[in-house]
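In the two assemblies presented below, chain A is common to both, partnered first by chain B and then by chain C.
== the complex of A and B ==
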């Protein structure tokens, strides 16, 4: 397989795996682990396989057109730096999966865990190899969402929910800023393509929008990397399962921020703004978080703050803008990933086996778990920067970089001291981690008796610690070439000379390192007793928590202010709301005409026909009557509304719209039946009873009347102005008319537009129709009629009483015989209506008709059967499964659309031809016909489902009555 | 013709708006029905009023777009009519369910204080 497809596979594999993992049964812990393990290791193998071409300096690309017009393509791009990160994402991903298999307990719903984890890995992989800025932003947001889901995995736990929400709000907001920044960046360079942007460094730095772009992108990156002052979400995210923490803190999530900064380093760095903003954030994170880390009592809390501090170190290095500092930053990303992942896993083992992470309770675990203890010691020594371990190398590079000139300000002279101090702090918290947990007296009162974890749970840590050691001892021949590939792909022609040797002779950085080591150890000795019983958090500023500030502002914003707004401006009542909506719509509609001089053209183009005037005289009377009668005479209002509908229908006929007329007429029938069915469940309302017209009510009516008249008058004016405006501007109508027959194979242009030219719209519309029908059905399943509507309707009662009085009649006979003649007629009409529907459908492509009209016709045919006889009678003879019709229709429409893929055309491309059939003759056969058939099926299903569901309520109310009477009997 | 139709549209809108602002759910369903006629007719009229020239072309004859009514508004309205039916049904069901749950057909789910 070629490398382009392999890149695509790298993205697809984890997401496919995620979907698969979600479908496995809840207790399939081993299957899940095997699946996830296979996927991550395959991805890892792919990345390794790609190395030869990457190391040759090649940039692998795979470009799939998406919205090429907007320069938005699904571009994947892998260079050395992306390769290095892919190794981290897939490699550590695999180790995390292996670890998680043993960490997750059998009670946990593992499908959810592995599904989210794989999707998260896929999103991170996406960030790393995106070759398009917008695509990168999409994957960026995906990592925010999946990390939210992972942190909140144990959602019964409040801390998990809060931590998840906080991380989503902080990183999600940052992601939005990033998107804005990337869009601006694309605007400046005129392209969203990463290669294009990376080549335009000078244009970007000299552009007047440079500072906004920089601030927005930094907001995105710093929130993601949990840098000061956005650091507070990361310690709260430790409520996640430990494998997730290990992954978030090492290869993914927080690393995405520094990844992006490094990616854009060639084009954004080197300015004063870059140094100041990034340097300040980085230095504060480095120093403050290292200080905070010392005073944490939770193992994972200590590690979380140390992550912020180490990322601060990377950010600071990037802020310098010197190529050597960038090399150190890239190297430290790698080293931090290895030791931090192993430390989190070790912390997880301690938590798992001892039952607590509180360092005040943990002590002397070395004798219980010597191997884990040794591994953790090596990893934390790497974190502290002890020689012969990988952490030492990059920290040494950092120290030497702080010595250089950066801005020429006082910052330059402070930097080396601050760096040494931060180094000392990191030594202190590393020693604390090891000394408190593994040494000292035997632990008392632990929830569990600690012991070594299962063999395979330790394997990932062993592997990572081995990496720390090897890289630390012989860096040049192990990590050297890979690092060089990554570095050259970022820095290109600015790649500096650097050496990865352990021993550079006695120089200032070494002295700084030694000072930090000794100073840190001394500091620990001083603080040891205090820390053994102190509260969580640094002394003095324990109260000042980012988390608390965040939560306060969240409460103020989303609760207090929202409540205030609601109390002040809100109302629960519908009428004022509707009034406001319509009023604002009226104002908005009038706005454009203010100050213009409307020139009315009183010349009609269509002349005047008295018949039309009479027709609309009736229409207007119907509309006014319906408005007047809707409160007390519902049936009359319904009939009058139907009258207005018929006038509308005739208007369509009058003005050359036969298709509309047919559809309108048919819909009119079903609407009337529908509302008729509903009338039975509405309360009785008598004009005489509630006639309390107060002054307020009268004023309100007057106000509503004025609004209604203004709206009506406004619409009349607008409609009249448009209709008499003689010349129609050039529209797309010509396009459709000219091509309907030659390209769509049908002469009824409206139908061709619906099923061919704009088939995708129609597809959406029938989907909506199906959804609405299912919603109606679902709502009615829980329908409970009001108590006063349960009784048998008055008419039926009279009819039954009549049967009762006559000894030779059985009760129900009159009801049954009622409307006998029309019922027989309706039954006889059934086949003819079906024939009519078929006729409408077949001629639809060329003459008025089509799937919509045919579908409703067929539904009316079914409906008439329900009207003619009672529901049970029909359903004994005719099995209608409307839900299946809906499904079938949608499926057929979709399959017809997809059929064109087989021939290499886009979705819903249609093909048409004529077919000679004996007796019938030539009929047009377009693939659009199948699509139209789908429309037909769906319309039948949806209409029938809705009407039958409402009709069924009367059967159910029989049942409700029966239960009711049974109850009363019991009570008696 | 234009004057009559625009007057008709105006009256339909006015009646519809009036009913929308009424307190009973049934009034609203009728109001929405009238309003949807008006909106459909209005969109239709944007394509101008043309008599006896339906957008049905003849096979094999060169098409002169000026000789036909505008098919685009017609296609838009056709689906709107069907969807309008569906939403009416949905509203009717919500109306009935609300009436069943609250015991009143007032739009706020409770009778106003008198």
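== the complex of A and C ==
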């Protein structure tokens, strides 16, 4: 397989695995682990396989056209740096899966866990190897979403829910800023392609939009990498299962921010703004979080703050803008991932075996779990920067970089001291982690008796710690070449000379390291007793929590201000809303005519057909009558509206639009029944309206009347002008008329437009229709009628009383008698109506009809059965599952659209041909027919769902009444 | 000669049907009972169906017959629903 397809496979494999994992049964812990393990190890193997070409300096690309017109392609691109990150994502992904197999308890619903984890791995891989800025932003947001889902995995836990929500809001908002920044970047360089952007460094730095771009991208990167002042979400994300913390919140996702900064380092860095913004964020994160980490009582909390601090170190290195600092940053990303992931896993083991993560309770665990303890010691020594471990190497590089000149300001002289101080803090919290947990007296009152974990749960840690050791002792021959590949792919011709040796002689960085080690150890000795008792959080500013500030501002923004807005500008009453809508529509309608001389060319029509004139008179009278009666005589208004609708249909026929007339007529019938169904539940007429006679009320009514008349009159005027004016500019109609048959294979132009030329629009419309139907259904499920319409209707009461009074009649017999003949007719009409629907459907492509008309016809047929007898009778005999019809229709339409992909055409390309059928002969068939069938199914489902949902209200109210009366009888 | 007769007949039929529709409209607006209005609408539908047929005869286009077919086959649904509403107080029970 060639490397382009392998790149695609790297993305597809985890997502496919995720879909598969979601389908497995809830207790399939081993199968899930095997599946996820196989997928991650295969991805790892693919990445390793690609190394030869990567190390040769090649950039692998796979470009799939997506929206080439907007320069938005599904471009995958792997260079040395992306390769290094892919190794992290897939390799640590595999170790985490292995670890999670033993960490997750049999009671946990593991399919959800592994499914999200694999999907996250796919999204993260996507960030790493996307070669298009917009694609990168999409994968970026995907990781935020999966991080949200994984943090909230134990959603019965409040802390998990809150932490998940906070991380989503912070990283999601950052992601939006990032998207804006990337779009601006694309605007500056005229392309979203990463290679183009990377080649345009000078253009970007000199552009006037450089600062906005920088700020937006930094917002995205700093929120993702939990840098000060957006760091607070990471400690709260620790409510996630530990494998998630090890994978997302130390090794990969939080590194996405620094990954992006490194990726764009060649084009964005080197300016004062870059140094100041990034340097300040990085240094504050480095120093403050290291300080906070010392005072955490939760093991994972300590590790989380330490992660922020180490990411701050990387950010600070990147801010310097010198190539050597960038080398150190890339190296530290790798080192941090190895030791921090292993430390998180160790913390998970301690939590798992001892039952708590509180360092005030843990103590002297060394005798219970010596191997885990040793591993954790080595890993935290790497975190502290002890020589002969990988953390030492990159920290040493960091110290030597802080000594250089950067902006020439006071920051330069402060930097080395701040760096040493942060180093000392990290030594303190590393010692604390080890000393509190593993040494000291035996623990008292632990929830569980601690012991060593299963072998395989420890293997990932052993592997990672071994990596720390080997890299730390012989960096040059182990990690050296890989690091060099990564570094050269980022820095290209600016790659500096650097050496990865452990011993550089006695120099300033070494002295700084030693100072930090000794100072940190002394600081721990001083604080030891205080820490054993103290509360969670650093002294003095314990009250000042980022979390609380965040929640306060969230409440203010989304609750107080929102309520204020609603109270000030909102209204519950329909009249003002309608008034505003129509008023604004009127202004918008008049806007184009402002300042111009509106020359309405009102030609008088001559030679009008007398029958037609009478007809229109009828339509106008109906419409006016409906408007006049609407307030007090709803039924009369509805009947008159039916008349107006009918006249409209005849007008369509008269003007040679039979297809429109067919559809309109069917819609007219359904609408009448729909409104009638609703009429039953409307509140009764208010006999007395208090302010009917006051002056204000009369003025208001006059105002509304004037508004309504001017709006309606304006509409009439515009429509009349357009229709009577022959000299219109050429419209799109000609295009469709010409091509409907030659390209769409149908002579019913409207239908061809709907299912072929504008198939995508129709697809969107039927989706909306399905959503609307489901919403109506959902709303009506909880519908509570007004008190005055709960009563059984008067007519039914009288008829039931009549049945009751006569000893040889059952209740309901009257209506049955009345409906005897019509019901039989209506039931016998059913097959005929189905036939009519089939007829409309089949010939829809060439003559009036089509999926929509056929769907409504079928729905009317169903409706008729409900009318003929009662709901129970129909549903005993005919099981209608409208939701399935909707789903099936949508699926069929989508599949038809996707079918054209198989032949290499864009979505929803239609194909038409002639089919030879025995006895019938040649008939035209277009693939659009299947699409139309989807439309039909959906329309039937949606119409039936809405009508039946309203119809079921009656049954529900009957049932409620029955229960009520049973209760009162019991009480009596 | 016969063409002229047909042409006149069609025109007169159209006008007559339009007048019939206007009369149905009077019932729809005046009532006085709801039942009168429903019957008015039904008559309107029936006349519209016939008008479409006549229109089809005049133009010689059979497509118009289909509009009549729909009114004939399905136009009564609205009437039935209205009638049931009047009889039982709700359309579907």
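In this section, the second predicted complex is superposed on the first by the 687 of 972 C-alpha atoms of A that agree within 3 Å, B and C clash if a C-alpha of one lies under 4 Å from a C-alpha of the other, contacts with A are read in each partner's own complex, and residues count from 1 in each chain.
As a working rule, a residue touches a chain if its C-beta (ideal position, glycine included) is under 8 Å from a C-beta of that chain, and two chains touch if they have at least 3 such contacts.
Bear in mind that the values here come from a model prediction, so they are computed numbers and not experimental data.
Chemist: On chain A, which partner touches more residues: chain B or chain C?
Modeler: Of chain B and chain C, more residues of chain A lie in contact with B.
Chemist: Could you tell me if A:595 is touching chain B, chain C, both of them or neither one (first, second, both, neither)?
Modeler: neither
Chemist: Identify the partner contact of A:505: answer first if only chain B is touched, second if only chain C is, both if each is, neither if none is.
Modeler: Touch partners of A:505: none, neither chain B nor chain C.
Chemist: Please indicate which partner A:786 is in contact with in the superposed arrangement: first for chain B, second for chain C, both, or neither.
Modeler: first
Chemist: Is A:658 touching anything from chain B or chain C once the two structures are fitted on A? First, second, both or neither.
Modeler: The answer is both, since A:658 touches chain B and chain C.
Chemist: Answer with first, second, both or neither: which of chain B and chain C does A:815 touch in the superposed model?
Modeler: Touch status of A:815: second partner only.
Chemist: Intersection of chain A residues contacting chain B with those contacting chain C?
Modeler: In chain A, residues 609, 612, 638, 654, 658, 847-848, 947, 950 are touched by chain B and also by chain C.
Chemist: Going by the contact rule set out above, which residues of chain A touch chain B in the complex?
Modeler: 572-575, 578-579, 582, 604-609, 612-613, 616, 619-620, 623-624, 626-627, 630-631, 634, 637-638, 641, 644-645, 647-648, 651-652, 654-660, 663-664, 667, 670-671, 674-675, 678, 681-683, 685, 692, 704-705, 707-709, 711-720, 722-724, 728, 731-734, 736-738, 740-741, 747-750, 753-754, 758, 761-762, 765, 768-769, 772-773, 775-776, 779-780, 782-787, 789, 846-848, 852, 856, 939, 942-943, 946-947, 949-950, 953
Chemist: Could you pull out which chain A residues touch chain C in their complex?
Modeler: 609-612, 614-615, 617-618, 621-622, 625, 635-636, 638-640, 642-643, 646, 649-650, 653-654, 658, 661-662, 665-666, 668-669, 672-673, 676-677, 679-680, 792-796, 799, 815, 818, 822, 826, 829, 832-833, 836, 847-848, 857, 860, 863-864, 866-867, 870-871, 947, 950-951, 954-955, 958
Chemist: Using the touch definition from the top, list the residues of chain B that touch chain A in their complex.
Modeler: Contact set of chain B toward chain A: 1-24, 26-27, 29-31, 33-34, 37-38, 40-42, 44-60, 63, 65, 68-72, 74-75, 77-79, 81-90, 92-97, 99-101, 103-105, 107-108, 114.
Chemist: Which residues of chain C touch chain A once you look at their complex with the stated criterion?
Modeler: For chain C paired with chain A, touching residues are 11, 14-15, 17-19, 21-22, 25, 28-29, 31, 34, 37-38, 40-41, 44-45, 48, 51-52, 55, 63-64, 66-67, 69-71, 73-75, 77-78, 80-82, 84-93.
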